[in-house]
Amino acid sequence: MKRYYVMGLFSNFEEAFSTISEIRQHAIPGVTVDDVTLKSPIEHPEIEEVLGDRGSPVPKFTLFGAIFGMVFGFLFLAAAQANFLVQPQGGKAVIPLPSNIVLTYEMLILFGVISTVIGFFINARLMTKRHPLYSEKVSLDQVGVMLELDEKNVDSLKELFKKHKVLEIREEVSQ
Amino acid sequence: MQTKDINENIAWAKINEDVLRSMENPRMGYWVALACCIAMISVAVVAEIYQYQVGMGPSNLNWPHMWDLYIATFVFWIGMSHSGTLLSAILHIIQADWRKPIYRFAEAMTTFSLMTAGLFPIIHLGRVWNMYWVLPYVSDRGIWPNFRSPLVWDAFAITTYLTSSALFLFIGMIPDLAICRDNARGWRQKLYTVLSMGWQGDDRQWRHFRKIYLLMACFLIPLAVSVHSIVSADFAMSIMPGWHVTTFPPYFVAGALYSGCAAIITLFILLRYFFRFDEYMTIPIMEKTCKLTFAIAMVWTYLNIIEFAATWYGHDMVAKELLINKFIGPHAPFFWAMLFLGSVLPFTLAFEKLRRHLPTMFVVSLFLNLGMWLERWMIVTPTLSYSYQPFAWDVMWPSMVQWSIVFGSFGWFGMLFLIFVKVFPSVSMYEVKEMVFHRRHYHSDEVANKLHRRASDDQSGAEPTREGA
Amino acid sequence: MSGSDINRRDFLKFMGLGGVGAATLSGCDMPTTVTLEEGKEKVVAYLAPEEYAIPGIGVTFASTCQQCPSGCGVHGRVREGRVLKLEGNPEAMNGKGLCQMGQASLQGHYNPDRITQPMARKGGSLVPVSWEDAWELMREKASGTAQGRSAWFTGTVSGHQSVLLAALNKAWGSKDHYVYEAINNAVGESVNEAVLGDAAPAYRLDKAKAILSFGADFLGTWMSPVHFSREYAAKFRGGDRGVLIQVEPKMTLTGANADLWVAARPGTEGVVALGIANVLLSKNQVDGKRLPQAALDVISQYSVNKVTEITGVAGDTLVRIAEYLKERSPSLVLSGDSAHGHVNGYQNAMAAMMLNVLLGNVGKTIEASNSVVFGELKAKRGNSKAMLDFASAADAGKYDVVFFMGANPVYTAPTHLAMAEKIAKVPFKVALSMFVDETTMSADLVLPVQSPYEEWGTSVAPYQPKEAAISMSQPLMKPLSAETKSLGDILLSMLKYHGVKGYEGYEDYYAYLRSELDNMPASVKAGKDGDAFWSSAVQKGFIKAPTKPGSLNINLGDVKQGGYQAGGDYPMHLVPASNQTMYDGRNANLPWLQEAPDQITKIFWDSWVELHPKTAAKLGVKEGDFVRVESDQGAIEAQVYIYKGVHVDAVAVPMGRGHEGYGRYAKGNGVNPLKILSPAVDKKSGELATHATRVRISKTGRSEELPRLGGSEVQVGRRLVSTVSADVFRRTEGA
Amino acid sequence: MSLKNILENWSHYRQTIEDGGHYEYEHMWGMAIDLNKCTGCNACSVACYAENNLPTVGKDRMRKGQGMHWLRMERYWDEPEMGGEEKEYQERGGSFLPMMCQQCNAATCEPVCPVAATYHTPDGLNAQVYNRCIGSRYCSNNCPYRLRYFNFYSYYEESWPEPLNMQLNPDLSVRDKGVMEKCTFCIQRIRTGKDKASREDRTVQDGDIVTACAQTCPTEAIVFGDLLDQKSQVTKLWKAQQVELGKTKQDKANTELRGYRVLEGLNTDPCVMYMDRVREA
């Protein structure tokens, strides 16, 4: 049977959230909160509770990048110094820790940052096509609550939306 | 009389309009400004070409003054770059939401002043065409940069800082770019479509966005500190009197934040005036920035005193001699000017009347920056004039070649910034919305009254609605 | 290369360019053959070179430095047929050392302003001509000269050149050979002659324990500086360290190294000497028996106070000097330019000599010079009387032809002599010169001579009392310009042209020289036959001849001193200081010496005026201000350098700059103090009294940074050079 | 493999100058300069110009402080000692100090060069690689003796008009603009001397190699030699003066000895020893 994308645009954020929370309490059978995608012009830490914790693996990328940067950085420097003995010494050691620490630190941050960004791009599904139901209102001042659900549930969902003073409802057949 | 950081009732549509308007149809003044900048740049380019052809001689550099304005200005621009990080990263972490309307251009300032600073180490090289030798590129001759050299540290630090802050600026701008995309036409639309990277504001994106923003903020703060302490290492790592100073790293960082904040005040006022951003860049925010600047100014002053005191207290005869030379020697006028501008002038920021008076602040902020520039010059040059070998003592004044390249760098910065404000939103729309949203929800009027209202104010603050907009 | 198709000069030029080309490039980015850290040896194909050009390998050849009259032996390093560097000849009198003038003499040889072909005056200006035309001109103008109406005006000459010169003069029936040196010791020589019967006795610095020098700059410009420096360092400053006391109006290099530097009022050096003698006799119980009664009488008149009053030298200083001389015997008393260059110069020198006699130095530190077998080769020492005489003779129209060589009277002569005009009265003037200096510019015919490093020659140092060495000059490279001729060849061909007996056989100067050496007495040749002798001479760079010890007799002349007269409108004394950079002006065309900071003031590329702080304060001038130094003969303007090394009443201006010609490096920088000298001569010897001029100074208001090397002139508390007392030195390192 | 290399030789690579650095020196060229003998005649400086292709830069550039005097003869006047009365004249003459690169073993110029253009050779020389230099001039800033000179112009263009250029020494390069340079202890002579010795397969003897300044010095005040060669004259002098390398303060048995190294308190460990000027009083 067909599946539909349905999105309701709300201007009153409270209403939008209560919609989600009702879905969460299975107002519509077979529709769980995990099907909900919230589109909003600003970030809402408080929605996290409503949507449930969906977590983010970005910090792992960061950690990996930082550690890699540190190890690689130091070995790179040390190797270079050890293999290129004709270096100005000024009486210092061939592998001087103080200066290498400074550079290692910079490398740590550089790789940390880069891998973080990469992690973000990957996880946030950026550089993908926008969703057909995307509305420019979302970038202005309205929140969109979007669900992907079976044909049979569409109407009840619309009901729910209307109950919460939805401004506009868009729907589209998925695949 | 503005009393609130921002008016909670401002319509979100208006925010979009105002900011987007600021990006379109540049007026005559804009073109004039741009022309001036380009003129300054071209002068500098001519000077640089001459220097490239003939050698470093025409710049009046000599034995023992191997460095002068180039390095001083380099340090100045690096310092300038720290303000952006301060506002966007530090204030973000301590959740001072008043940063939101003004951090965007500060962040841009960071990137551009870094791009300016980066030019100077190259310009001052005797053999510019070999500058890439500083980088550890793969060379069949098996030659490598010398990782002991603070100059190489600079190269690493600046690259890292530039990359990170540019990314930070960009990431933070993505939601706004989406807004632009949704409202723009023609080439702008194409541009923004690419840049906004398919941002559609769903919760997943916001969730990760919040994470990365926090993480990068956490990276940028230590990075900013490390960068300027590394720059200070150029001097502190040497054995020259007046350079070999233990307090230099914090001193440089303080100076950096100082000049950065001063620059923010300058640009704040300019943008507010030209783009009519009165709604967003409000007087209270201005005041907060001023207070911050004042605090930093005092830190800077303190570190100055510490340096003098330590030198005076210590037994390093040569360093002491140099200090005395700074006080009464040929550089004394500039030295005292620096102390006045850096330590006395900021007291104007301590008075509310003056703080709220924009023209005054504009002038003051300019002078503060002049003071900071002098500081850098007074760090670099007197040490070279008077160091260990008395036979090599000398006093040298920079030539027009140096001056024009220094001025040119301001033109270059100005040009970059002018282009920025017309291509990218210089006020972060989505964050102003957040600010408004949260204020509206978490600041009751009573609180608002307590916080902002004064007896003098009119009581006609419209009742905040619960509607979105 | 065969040598026939490409001539030597081109070859050298090519090598030269090659050298620079490669060198210049190597400064840029491409990997060089010689990098600093590891001089990678480059393989050079051995193309059979002419003579001594061995690619990549430097060979040294002995020759003689002619930059000043001292005539030091040098070793020239030759590579690819170019002489690159000069070093002292270790076996010569100067030892392995060489002064900066010697080092820089290479730039005279390679100078871009050298004359490359003969020039003749046509329509008021000198135009290049061929040698044929030049000889033709000589033939018509010079050869017909009547007996005794020709003269030679030269610098110090010696060796076979001077023999040929004498012969030529003789052939032309002229005895007039003016030997002129602006910086000379003529007055001293005349006193030596009178008192000791030996014009140039040996001054044994190495034997002296104390030296009292009245302005004799023996480390800088006096007689044979390198030789003296060597003796000074080796012995005098050695284990049992001697005391050096310098009395002079302006600090010379020697003064800068003195243990006690005393500024006496210019011209009163003799009085100082008498004062010291007075102290020695009265305080230090020195026995006066060595002195004639007349002298003792004079001395007794000069009590310490009187001397102080006349000379401005503090009494205790005189006492201190006397102490040193007494306890550190044998001592040595010298007198030089600043003592001699006065109307009473002779008395000053005599007074100094008196001290030597009184202290019994004669025979101990002043020894008789040795008589040598080759009298005719001995150097003819220059003096300034020669110039005065020549001026008057030329003015009287005594000559039809005058030959100038190795001297530049037009530049060094004071304005009052109007040298240029007087020379102009001579119908035909021939200049044998390497450069277009002022004198050459006034000549009618200019014959380009070769540099000392291009020609064959012999010379005998004017000051070599203890040995008799004929030092050899040999070409260190082929002449830079084929159109130049060696002095010897020019003289020889003139002799041949006039059919002088005994010279027709030699086809060139080299042949003449060889046969001359062949004919040297067996004692000189030391058993070697012709070729062996020749090659050993050329290899060593000199011929040591046996000597007979001479003897000294003492008859001290009158030591009476004139009083000191105040200056009137011209209160100050002008001190035209000689220094080792410009010397008498002959070095002004050598960029190395122009750029080399003056030894005392560290000023380069320009002239300056030395003032005492007090004088400067009175005048209200500071370092770098331009002042006007004005005598009754004219005025010069230069920047002020202020220090405590010049007498309060004296103004010191260095000689040697302020040329009107003499090439791109010399022309138009600095001023020439000799120009404003007053017409005064030393009464006895007739020498030009160079230090007798009185001047007044005035501000000009102009000011400019002084071209001086260095910032602070004191050490501001660092230990860069600290000074220990001689006692400590003797204790720790004493012999 | 470099990682292996690091791990195996770690302790070796961590050795500083105090532990003798990371390689054995073949030579340690040094000097001893007796200021009692030095008359300040400046011959050494001109000899250096002649030997090392130093350009003459002319009055204006020289005055600007853009000259290239590798060996400069410094002259100081006595200052009245604290409280001492001003003398009317410089009664003790001048103090002369010939300053050439001190070839420090802990050279402050070396670690700051971004491209490793200046480093220590196995000869104990502080070498400057012109071709590697990019002209950041940091080394000169960090030299307490201010003994490094920079090519502010392409001096060679004007310094040697024909035929002066024929005097240029082909054993070393003529430097172009933008390059730092300094006294090299006549490294070309050292090189030639070593090559000669190796051709005659023998070790370098004391006196084989002598720098231009030492050779021309009329008073033989400058002595050059190998500080590792126990028989060399320079070593003898250092021993006699009880001056040793690697010290910031010489503890001498006889404190009256004159030997010292300029600014040795900075721990630059220079290879040039000076001996105090001497005056009677």
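A, B, C and D are the chain letters, set down in written order, and residue numbers restart from 1 in every chain.
In this section, a contact is a pair of C-beta atoms (placed from the backbone, for glycine too) under 8 Å apart; a residue touches a chain by one contact, two chains touch by 3 or more.
Since the model is a prediction, treat every value here as computed from it, not as a measurement.
Engineer: Which chain pair is joined by more contacting C-beta pairs, A-D or B-D?
Structural biologist: It is B-D, judged by the count of C-beta pairs in contact.
Engineer: Which chain, with its centre taken as the mean C-alpha position, is closest to the global C-alpha centre?
Structural biologist: D
Engineer: Counting only Cα atoms for the centres, state how far chain A is from chain C in Å.
Structural biologist: Whole-Å distance between the two chain centres: 90.
Engineer: Using CA atom averages as chain centres, what separation in Å is found between chain B and chain D?
Structural biologist: The answer is 44 Å.
Engineer: In whole angstrom, what separates the CA-based centres of chain A and chain D?
Structural biologist: 63
Engineer: Where the centres are mean C-alpha positions, what is the separation of chain C from chain D, in Å?
Structural biologist: Going by mean C-alpha positions, chain C sits 32 Å from chain D.
Engineer: Would you mind listing the residues of chain D that make contact with two or more other chains?
Structural biologist: Residues 67, 72, 74, 76, 97, 108, 111-113, 116, 119, 179, 263 of chain D each touch two or more of the other chains.
Engineer: Mind pulling the chain B residues that touch 2 or more other chains?
Structural biologist: 130, 143-144, 146, 148, 152, 388-392, 394
Engineer: Could you list the positions in chain A whose residues touch two or more of the other chains?
Structural biologist: Within chain A, residues 81, 83-84, 86-88, 90, 92 contact more than one other chain.
Engineer: What kind of graph do the touching chains make: line, ring, star, complete, other?
Structural biologist: Here the contact pattern is something else, fitting no line, ring, star or complete shape.
Engineer: Which residues of chain C touch chain D in the complex?
Structural biologist: It is residues 12-13, 15-17, 19-20, 22-24, 26-32, 34-39, 41, 58, 79-80, 82-88, 94-100, 102-104, 106-107, 110-112, 219-220, 225-226, 229-230, 232-234, 237, 241, 243, 246, 251, 253-263, 324, 480, 580-581, 591-597, 599-600, 602, 604-606, 614, 643-645, 648, 664, 669, 705, 707-710, 713-716, 718-726, 728-729, 731-733 of chain C that touch chain D.
Engineer: Please give the residue numbers of chain A that touch chain D in the complex, ascending.
Structural biologist: For chain A paired with chain D, touching residues are 75, 78-79, 81-95.
Engineer: Name, in rising order, each residue of chain D that touches chain C in their complex.
Structural biologist: 35-37, 39-43, 45-47, 49-51, 53, 56-59, 62-63, 67, 69, 72-79, 87-97, 119, 121, 127-131, 156, 159-176, 179, 184, 187-188, 191-192, 195, 212, 215-221, 240, 254, 256-258, 260, 262-263, 274, 276-281
Engineer: Name, in rising order, each residue of chain C that touches chain B in their complex.
Structural biologist: Going through chain C, the ones touching chain B are 29, 710-712, 714-718, 720.
Engineer: Show me the residue ranges of chain B that touch chain D in the complex, using the header's touch definition.
Structural biologist: 54-57, 60-67, 121, 124-127, 130-131, 133-134, 143-146, 148-152, 155, 234, 237-240, 384, 387-392, 394, 396
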